[in-house]
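Below are two complexes that have chain A in common, paired first with chain B and then with chain C.
Presenting the complex of A and B:
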């Protein structure tokens, strides 16, 4: 490190490209120990991340034969073209976005409420903390099956409550048979399962807020609402932004609940998420090229969203 | 300083090498993975291991608990006869099987043999994953002539047989005798007209449905579809026009849709309802259509329930029909032990192995053992049904064709299209698949 900083201070005003290249090499050489330490990680990263990524980029331009790759046919941008005009992909993207738009704020708002409640001096605090965290450690598959039972149209608890107890509907609601209604259990499951995790993160952030700030505000006559709005929330901002970024990436990758609850896009391929569509293209239809192209479209989308969010993160950190 | 130069050289070399490797890797992997070498292997292998260490033949499948127990006995019988071979079986869940198989085959770690759903054979043969058994086994014809022609035909793709039928099945009618007795109906329906009448007579709103099917995928309506005289494509598999949207096919779906609209067919087929096997046993459904495995399922889940089978009711022309299901045993092209693998295939098609599996509800494919006293009594109705049961389209794109018909059925049930419109669209989609 010392070598690096010295190098910086010694740099002349405007070096020629060749000189710049040489200094780069020189600097690389001076930091050789650091690079050697990085090497094993980089090699693994290269083999298990970069290489498969490049390989699947290649697959996305072929009508790929997975067993005899040499027989694959080059189709250029055809896989991408087919996808971009496909109503199924458009619907899958919409479904994924809808999931993100409901579950991310849903989780954050509920997690904030839970965290604030858990931050109070109440009896049985540990019990509540465990209870709210339990869904997080439950397996996605099991939780999905339970939600599927709850929302069963003929024998489910939800329909029983809605119709026989609350008398809100006359006919049993066919949750999973309808492409729009099927989103209800999927989104609710996403929120229910994620609240605990976000709450724990927020709770840790709440503990960091100095108590004297809250006390001083209280002495100045600020009620609970004012203290939440003017002290708690602004101080939680970096944590909330972090949660936003992580939850959005997670939501865009929703897979298990959609796959299980909709039997992979049923009815009529209207309930796919981006990932279930990718799976179906690849392994049900054996269209490896189309599957790879779907994954590249998804990746570029997540990439753009992440860049926007990182900008957002940077801005907010500087308040 | 000398030391430093070496480090730079090393780092630079590694950098270039890594770039080169990535580039090469991408370039090189699609080479045909040298099939000649793979072809030579099997002849070498037995010489390298002269009867000391038994050769391991891997066998993947998607069997039920009961079938696995019987298969363990079959393997023991085989290994007693062939001490030089050891069969290692691996069980997969049906839904995960294709992806597990393909990824391992792509990675060069595929099994030697597998039991595949009959509809997957053309697909995998088209991908050149399978070994053509009619060339690999000298006695193929001898074995093949002993099997039922229907199941055997599902192994045929573009002039070769890529497998042998390991087991077969079809769907028949299952009916809940209690509900029939309650309504004073003495016997299961003989014709499809009666079937509809009885189904409606046994329906009581949401409390009870006369008939229920597991979903809208083709396997579910297929028995009624074929019994009504429906066809997906022509004999030569060249067109769906006039077949999947022909008058018989339309009439078949029209009947089911009418039953649904009149409340005689449970809405569970659209998803998110009570499953057919539970529903039949608990009295929610009076009739379902399903396969021979239901005996073992009910034995485990509803031991009190009396399972009653009946043939699929006859259609307008007076004949009954159903859909052929089953599994084929295949040898993979990538297998290093083809000789031992085919020996195992041969054994699975032997009378002793087929009778052993039959004890656990697996219907044999050898016509030579029909009538054997060792076969369970309830096989009778299935074996009779198999005489008229029809195979789904043996084509690599069958999965997509199934999807086209499934979606057509869904659109009609959702009142988005008439049966004719929906099936016209399906015919167009299937023709596009056939043209590829």
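Presenting the complex of A and C:
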């Protein structure tokens, strides 16, 4: 390709590099208004996104000194090496993956059910839609506190239901004192808070499916289950792929509920998510290099996962 | 549903059962929050838990609101959210106009660079943003919150608005141009007025985002008097572990603006999500 272009440029009649450079300058000058429109946004974006991204890459190779950055010591890959053998990080990664594995399918399946129900001819559609969306607009902080209250071991509703109504346990469960049990309220909160968003997106996609397709299938004798499997789901596939990618990214970045419910990884740093660990390393232990390395590991992982997901699901779509 | 009548009725019953069941699960946490917030302190931990309070008091609200500079935190949140919303609408509509309707060298790469912003998990940027804000003396200030909030919203909102702007017919723009109007005039008198639903969506999204934002404010603000509501509520719960009545009274006051904005504009909102989501 490159060779081809070079061949081209040697042909007579093509403008010289200098002339092309001048044309570009001219075009740039003529478009100067456009750059004025871009200026405020791109300046902000440069200072608070692009530059920080590069800056934190640099920090991740240093034993960073926050007070006197000039005295920071270059440690090469040491921050990354320390992380990769750290049992605390391994545990945090496992916790984060567990959260992803339960909350993403949980949200998608429930959202699909809700969207299909809301797509039918029912009364009070707006009421249901608004109600199901309320958890999404509720702040994470408040939602987390409510779940903490409902799951508290002394007088929480959940323990009451489990012990006195369903009689599944004899003792009140101490959800937040145990590193495994603490995952239950956190995961349930993730699902409870997320379903509404996915449902709204799926509902919009369902509206795009032409009604005559469903009708034709019904006339041909296809029951609701068959129509769901053979018409609705295949046509929803691009939306489901989109949701999957966005939800996985979101789940890998779970932060506020873990930070607040476990008080930053308690007990014994066993309940961290990747990001709460990053927070603790950086701002509690002032290990900025290690924190930056953690965030880079997570970002790269997120990138790889989303690219693989998009690729795989695209391939399966082409048949 | 295209079914015989008898089965249709059965399906209908099942549908409503499912929908109402879901509604209960969604509602229970909210109901308990409201009910606990009006219970006298001695009943907030009673066993078995009661949804309907034995007696109703507004004492928790009085206590929570008079305590800990609550009113100031509310004002702080409001200021930050309003300024962030105004700046985001302005900056992202300017960007969206340039990317949606103008031609200039470097358009593609710049747009892709902006889209990268949608792929980066916001919390992973906190460390370097903290250091940048520190060297720009923006820590512990509302300006520091606003610039980061605006930036974190730019990619998504520009993307959303570009879709709206592109759908405006070119003839309208040409008409202003022929009369000698510049791009700025087109932007102000054609593009903005015709994109009100889009701008409303951006405004609502940004307002809710900045009202609720926790991670950055948690890192950037250490000065007590500059805290925003989410930080204040989280710390309040941490300090007064058993005062659930007051915690929830404060939470409800914090929720009211969000729920109001959402219920009033829910149509815009849901269209916006569907639109931006599907186009992503």
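Note that in this section the second predicted complex is superposed on the first by the 267 of 319 C-alpha atoms of A that agree within 3 Å, B and C clash if a C-alpha of one lies under 4 Å from a C-alpha of the other, contacts with A are read in each partner's own complex, and residues count from 1 in each chain.
Here is the rule we use: contacts are C-beta pairs under 8 Å (C-beta built on N, C-alpha and C of every residue); 3 or more make two chains touch, one makes a residue touch a chain.
Keep in mind that this is a model prediction, so the values were computed, not measured.
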item: Chain B versus chain C as contact partner of A:101, first or second or both or neither; value: neither
item: Broader residue contact with chain A after superposition on the shared chain, chain B or chain C; value: C
item: Chain B versus chain C as contact partner of A:180, first or second or both or neither; value: neither
item: Contacts of A:233 with chain B and chain C, given as first, second, both or neither; value: neither
item: Partner chain in contact with A:308 - chain B first, chain C second, else both or neither; value: neither
item: Touched partner set for A:27, first chain B, second chain C, both or neither; value: second
item: Chain B versus chain C as contact partner of A:56, first or second or both or neither; value: second
item: Partner chain(s) touched by A:35 [first = chain B, second = chain C, both, neither]; value: both
item: Touching partner for A:286 - first (chain B), second (chain C), both, neither; value: first
item: Partner chain(s) touched by A:153 [first = chain B, second = chain C, both, neither]; value: first
item: Chain C-contacting residues of chain A that also contact chain B; value: 28, 35, 50-51, 55, 66, 69, 148, 154-155, 279, 282-283
item: Touching residues (chain side chain B, partner chain A) in the complex; value: 4, 7-8, 11, 14, 18, 22, 25-26, 29-33, 98-99, 102, 105-106, 123, 127-129, 206, 215-216, 266-268, 270-274, 284, 334, 399-400, 407, 410-411, 414
item: Chain A-touching residues of chain C, taken from the complex the two chains share; value: 1-3, 11, 15-16, 18-19, 22-23, 25-30, 32-33, 36, 45-49, 90-92, 94-95, 97-98, 102-105, 110, 113-114, 117, 119-129, 131-132, 147-148, 150-152, 154-155, 158, 182-184, 187, 208, 211-212, 214-215, 219, 230, 233-234, 237, 244, 247-248, 251, 254-255, 258-259, 262-263, 266, 270, 273-275, 277-278, 280
item: In the complex with chain B, residue positions of chain A that touch it; value: 25, 28-29, 32, 35, 39, 43, 46, 50-51, 54-55, 58, 65-72, 148, 151-155, 172, 174-177, 182, 262-263, 266-269, 279, 282-286
item: Chain A residues touching chain C - in the complex, by the definition given at the top; value: 24, 27-28, 31, 33-35, 37-38, 40-42, 44-45, 47-53, 55-56, 59, 66, 69, 110, 113-114, 117-118, 120-122, 126, 128-135, 137-143, 145-150, 154-157, 160, 164, 192, 196-197, 200-201, 203-205, 214-215, 218-219, 224, 239, 242, 246, 249, 252-253, 255-256, 260, 275, 278-279, 282-283, 288, 291-292, 295-296, 298-299, 302-303, 306
